Amino acid sequence: MMIDVVVFFFLLGVFARLVRSDLRLPEALYETLSIYLLLAIGLKGGIELSKQPLVALLPQIGATMALGLAIPFVLYPVLRGLRLSGPDAASVAAHYGSVSVVTFAVASAALMREGIPFESHASLWVAVMEAPGIISGILLARLSRLREVKWATLAHEVAFGKSVLLLVGGLFIGAIAGEAGTAPIQAVFVEPFKGVLALFLLELGLVAGGRLAEVRRFGFVVIGVGLVVPPVLSLAGAGVGLMLGLSTGGVALLATLAASASYIAAPTAMRIAVPEANAGLSITAALGVSFPFNILVGIPLYIAMAQALTGG
Amino acid sequence: MALIKHPRMLLVIIAEAALEKQLVADVKRLGAHGYTVYDVRGEGTMGVREGAWEADRTIEMKVICETAVADQIAEHVLAQYVPHFGVTMFFADVQVLRPHKF
Amino acid sequence: MALIKHPRMLLVIIAEAALEKQLVADVKRLGAHGYTVYDVRGEGTMGVREGAWEADRTIEMKVICETAVADQIAEHVLAQYVPHFGVTMFFADVQVLRPHKF
Amino acid sequence: MALIKHPRMLLVIIAEAALEKQLVADVKRLGAHGYTVYDVRGEGTMGVREGAWEADRTIEMKVICETAVADQIAEHVLAQYVPHFGVTMFFADVQVLRPHKF
Amino acid sequence: MMIDVVVFFFLLGVFARLVRSDLRLPEALYETLSIYLLLAIGLKGGIELSKQPLVALLPQIGATMALGLAIPFVLYPVLRGLRLSGPDAASVAAHYGSVSVVTFAVASAALMREGIPFESHASLWVAVMEAPGIISGILLARLSRLREVKWATLAHEVAFGKSVLLLVGGLFIGAIAGEAGTAPIQAVFVEPFKGVLALFLLELGLVAGGRLAEVRRFGFVVIGVGLVVPPVLSLAGAGVGLMLGLSTGGVALLATLAASASYIAAPTAMRIAVPEANAGLSITAALGVSFPFNILVGIPLYIAMAQALTGG
Amino acid sequence: MMIDVVVFFFLLGVFARLVRSDLRLPEALYETLSIYLLLAIGLKGGIELSKQPLVALLPQIGATMALGLAIPFVLYPVLRGLRLSGPDAASVAAHYGSVSVVTFAVASAALMREGIPFESHASLWVAVMEAPGIISGILLARLSRLREVKWATLAHEVAFGKSVLLLVGGLFIGAIAGEAGTAPIQAVFVEPFKGVLALFLLELGLVAGGRLAEVRRFGFVVIGVGLVVPPVLSLAGAGVGLMLGLSTGGVALLATLAASASYIAAPTAMRIAVPEANAGLSITAALGVSFPFNILVGIPLYIAMAQALTGG
C-alpha cells in the first residue's frame, strides 16, 4: 500500500463535492475534530518534551521560528512579480509562512508506516511555526501600505488564538503530566488519533473540493503558486533540518512543514489584519491546490529527498 | 388592553463571522443597549458562504435601537467593513413596549 | 400577478432558553396558529449570554398572528416573565398571502 | 449624517429543509441577488417540527429584493410547494442603503 | 441475556419521550453518528471484499438488487387495497424496499453474540439494497400519475446521496486499503462501533417515541402495515438467501434487510420525488412500528427461521 | 504527580478565558460530553449493582437521599443571615444540596490513582443525590413566599429531567445487562471515560473562567460561600459515610458529593421554579468558586480526612 488510508478519506470528500453530493459534516463536528487534533498533537509533543531537557531544544525552536518568519519575506517579492496586489501577496505569503497541522499529521503517519524514525518532540516545531509566518505576512502588508499596526492586539490574537493556545496548552499538559500522568487519557488522545484524522480529512476533502471551482476562476496564478511554492519551500525546510542535524524523518517533517500552508489560523488572522486581501485567493492556493499536492505527491517526495540528503 | 407601542429601528447586519467581535464592540460603543447574533449561511455578491468551516461562516446581528443610533452604526459599517467584507444591511421599523430599554 | 397581501403582526420574543417550553404553551393557548424558534446569543441589560452551556442559552421566537393575539401574548410575557427573566420583545408589521393560516 | 434609505421588500420563507436546494435555485432564477438561510424549529398546521433528525428539519430563508421579484418568488412557492409542504411566508417592508445590491 | 444491550438504549429513548423528558441529542450528534455508522459499515464490508474476488459476488449483488427493486412492486397493490392513496402507497412501498442500516447492525451484533457465522462481506448487501427500493417507489408514484420523471436528477440524488456515498465510499476505502492499511484507524471505526450504535439507538428511541402519538392518529393501517409487512418480507429475503446458498447467518441477515424499512435515505428522497405522499405516514410505519418490532421481536424470529431453513 | 491530568484541562480552559482567547467548544459538543458522562457513570454503577443484592443498599440510598434533602435546610438560614434574599438563599442552598457529577468523577479518578479502594457502586449515590437537594431548595423558596407549588409538574421535571434520566437509565441498563452484556460497548463507555472527562473539564474551565468577572461583581459573599460551604458540607458527608460503615474511599466520595455543588441540573430547575432568584449568584458560587476549589484543594483534603477518620 503506497498511499496512507487517511488520504482516501480526503479523496472521498473531494469526490463527494465534485459529484455534488449532499454530504456535509456538521460544523460542530468540524470544530470538535480540529480542537481534538490540535490538543492531541500538542499532548504528544509535550509527553516527549517531559523526557528531555528543554534547553537542548532551544536551537531547534530558534531555527524553526526563524524559518517561519523568513518564508513570507522571500515569497512576497516573487508574488508581487506575479502581479498580485500588495495585500494579496502578503496574505498568500503568510499562509505559506505558517503551517498545516493536518499535513504534518499525514507526514508523521507516513514516516511511521514506513518505519523511518523521527524526533519524538516534532510537534513542538508545529507549535512554534504556527504563528511567525502570520506575523511576517501582516508586517509585509502594513509596510507596503504605511498603515499603523496595532501590534498589541495583533500579538494577542496570534498568541492566544485558538490553534496556538491548544497546541501550546497540550504541550504544557503533556510536559507536566508526562507519560504516566497522561496514561488514563491516552484512550482518547492517542489511540483514536489516526481515525479522527481520517474524518477530518473527509471534511477537508469536502472543503477543498468546493474550492476547485475557484481554482478555475483564479486561473494559472493559483495553480502555479499552489504547485511550485511547496516543493521550493521544502528545500528550505530540509536545509534547516540538515543544519540542525535532525534525523532523516526529522528533515522530512521540517521540509513538509515548510512546504505546507495554513488554512486554519492564517485565513482567520489575515481576514481581520489585512482585509484588503482577497481571502478566496489565499485559501484556494493553500487548501485547493497545495494541500492535496502535499498529501498526494509532496510528502513521498520530501521523504525521498530527506533520505537522499541524510543518506538515511 | 391598551398596550402602548413605541417606534424603534431594527438594524440587521449580515456579515462574515470574522467581524463578530468587532461589530459587538462597535454597536455598544455607538449607543446600542443590546444585540442578538446567530449563525447563518447564504449567498451574495461575494459568492456562496456555507459555513462549513471557520473562514466560511456568516453571522446575522439584530440591533433594536433609536433611529439615530442605527444610522450611526450603519454608517460606520459602511465605511469600515463594506469595502472589504461581505456585508448585507437593512433597516426595519418595529415597535417596542419598553422604550427605555432600547 | 395581483397577489393580495393581508396585514398581520410579527411578534419576536428573545428570551432565556429556560422559557421555551412555557412560551410555546403560552402562544398556542393565547391563539397563535404556529411559531418558529431558533437559538441565538447576545447581550442586553442582563449581561452577555453566549450560549456555551445550558443556563446560558437564549432563544428567539417568531409568531405571526393577528394584532390582538400578539398584544395578548406580549402582555402575558410582560407580566409573567419580564420581571425575572432576560426578555426582549418587538412587533413588526408584515403581510401574508394566506390570511386564514395566521 | 444624511443616510439615504431605499425601500425594498424582505421576503421570509419558513419551509421544510428538504426544499432548501430547490428554493435557492428558485430565488436566484427569479431575480434575487442573494439570500440568507438558517435552521429553525417550530410548529404550524403540519404539526411540530423539532429538527432532531433529517426529515424533521426546518429552514428559514430571507431574501431582500424588489417587490416585483418578491412577488414572483412568493407566487412560485405558493404554486409549487405550498400544496404539499409545510411552508410559511411573509413580507416586510425594509430599507437598504445600497439599492443596486438588492 | 436474551436482548442485546444496545436495544436497551432504544427503550431508554422511547421511555424518555413517553414521560416527556427534556432529553434531546444535539442534531450535530445525530448527523455525526449516522455518518460514522455508514462509513464504519462500509469499511468493514470493504476490508472483507479485499480478501476475495469481487466477481464471485456478482450473483449476490444482482439478486439483492433485484429483491430491493421487486419489494415495492409487490407491496404497492396491497397497500392500495388497504385504501392508501397512490402516492402514499408508493412512498410506504419505497421505505420497505430500501433497508435500515441500524437494524442490520443490530442483527449482525445478535448473530455475533450467539456465535452464528455469516458472510463477512454482508455489508455489501446493505450498500446494494439501499437505493433500488427507493427507485421502484418513485417509479410507481410516477406511473400512477403519468407525470414525467426527471430520471437524471433522480439517479443523481440516489447514487450520490449521503448514505449511499458513505457506504460505498467506505467499501472502496476498505477494499483498497485492506486489513493492514486500515489497521491504524480501527481504534475509531471498529472497536467503538457497538457503543456508537448504542448512542444512535438512544436517539432513534427518542424519535420513535415521538412518533407513537402519530401511530394513534393514523390508526390501524399504520400498525397493521408496520407489524405485518416485516415478517412477510423476511420470507422473501430468506428465500433469496437460500437461493444464493448463503450461510445460516447470511440468510438471517438477508431476511432482516428485506424486513427492515429505511428511515434515513427514503424519507428524504420521497419528500422531494413524491411530495403528494404524506411523509408522516411512511415514517411512522417505518420508524414508529416496524423498527421497534424488528429489533425487539423480528430479529430473533428471523434468526430462528434461518436456522430452521438451513438446518444450521 | 500530585494533580490529576484532567485538572490541567480545567486550568487551560480558565487560562484561555482570562487571556481572552477565542477558544470555544461548540455547544453540541458540550451537550454530547455531558450526555456521555451521565450515561457512562450510570452504566458503571449499574454494572456493579448487577453483582450485588439491591436490598443491601437500601440504607445507603435512604441515608444519601436524606443528606441531600437536609443540606438546603441547614444552609438556608445561614445564607439568610448573610443578607441573601429568600429566593437567592434557597437557590444557592439547592445548588449545594444537589451534586456535581464531574467533581465526583475527578474524585474517583484521584482515588483510583492513589490506589484507595471504594465501593464499586458509588455512582448509585450520585444518581440518588442529584434531585433531593433541588426539591428542598424549591420547597424553601415556596415556604418563604407562601406561593402555591405545582408539585406534580415539579416532581416530573426533577425525576425525568435529562440528568437524572440518563444517570438512572444508565444504572438500569448496566444492572440488567451486567458485565458480560455491556462488554461490547465498553470501548465507548469505559475506556475513553477519563479522556472525555478531560475535554469536559476544558469546557468547564472556559465557563468558570468566564464567571470570574462575576465573582468580583458579587464580591465577598460569593467567595466566602464558595470557599467555606464545601469543606463544612464535606464533614456532613463524611459523617454519613462513617455511619454507613463505608470504606475509606467511600467516605471520601460521600464527603466530596456533599461538598460539591450542582451546575447542570440545579441551575435549570431553579430558573423555572424560583425565577426571582439571581441565577448568576448561584452559578458563580457553584461553578466559579466551589468547583475549582473542590478539584484543586478540596478533593485531596477530603481524601486525607477520610483516611484520618477511617484509619485507612
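Each chain carries a letter (A, B, C, D, E and F) given by its place in the written order, and its residues are counted from 1.
Note that in this section contacts are C-beta pairs under 8 Å (C-beta built on N, C-alpha and C of every residue); 3 or more make two chains touch, one makes a residue touch a chain.
Computed from a predicted model, the values in this text were never measured in an experiment.
Trainee: In the chain contact graph, what is the shortest path length, in steps, from chain A to chain C?
Mentor: Each step joins two touching chains, and the minimum needed here is 2.
Trainee: Comparing centres built from CA atoms, which chain ends up most distant from chain E?
Mentor: B
Trainee: Quick one: point me to the chain whose Cα centre is farthest from that of chain D.
Mentor: It is F.
Trainee: Centre to centre, by mean C-alpha position, how many angstrom separate chain E and chain F?
Mentor: Each chain's C-alpha centroid was found; their separation is 41 Å.
Trainee: In whole angstrom, what separates the CA-based centres of chain B and chain C?
Mentor: 19
Trainee: Which positions in chain E touch two or more other chains at once?
Mentor: Answer for chain E, listing residues that touch two or more other chains: 22, 24-28.
Trainee: At which residue positions does chain B touch at least two other chains?
Mentor: If we look for residues of chain B contacting two or more partner chains, we find 38-39, 92-93.
Trainee: According to the definition of touch, which chains form touching pairs?
Mentor: Touching chain pairs, listed by label, come out as A-B, A-E, A-F, B-C, B-D, C-D, C-F, D-E, E-F.
Trainee: Using the touch definition from the top, list the residues of chain C that touch chain F in their complex.
Mentor: Those residues of chain C that touch chain F are 16, 18, 22, 39, 47, 50-57, 81, 83-85.
Trainee: Flag every residue of chain A that touches chain B in the complex, lowest number first.
Mentor: Touching chain B from chain A are residues 24-25, 27, 30, 203, 206-207, 210, 264, 267-268, 271-272, 275-276, 279-280, 283.
Trainee: Taking the touch rule as given, give the residues of chain D at its contact with chain C in the complex, in rising order.
Mentor: Touching chain C from chain D are residues 14, 38-45, 58, 60, 71, 74-75, 78, 82, 88-93.
Trainee: Flag every residue of chain C that touches chain D in the complex, lowest number first.
Mentor: Those in contact with chain D are residues 1, 3, 5, 8, 10, 24, 28, 33-38, 64, 92-98, 101.
Trainee: Mind pulling up the chain E residues that touch chain A in the complex?
Mentor: 26-28, 31-32, 35, 156, 160-162, 165-166, 169, 172-173, 176-178, 180-182, 184-189
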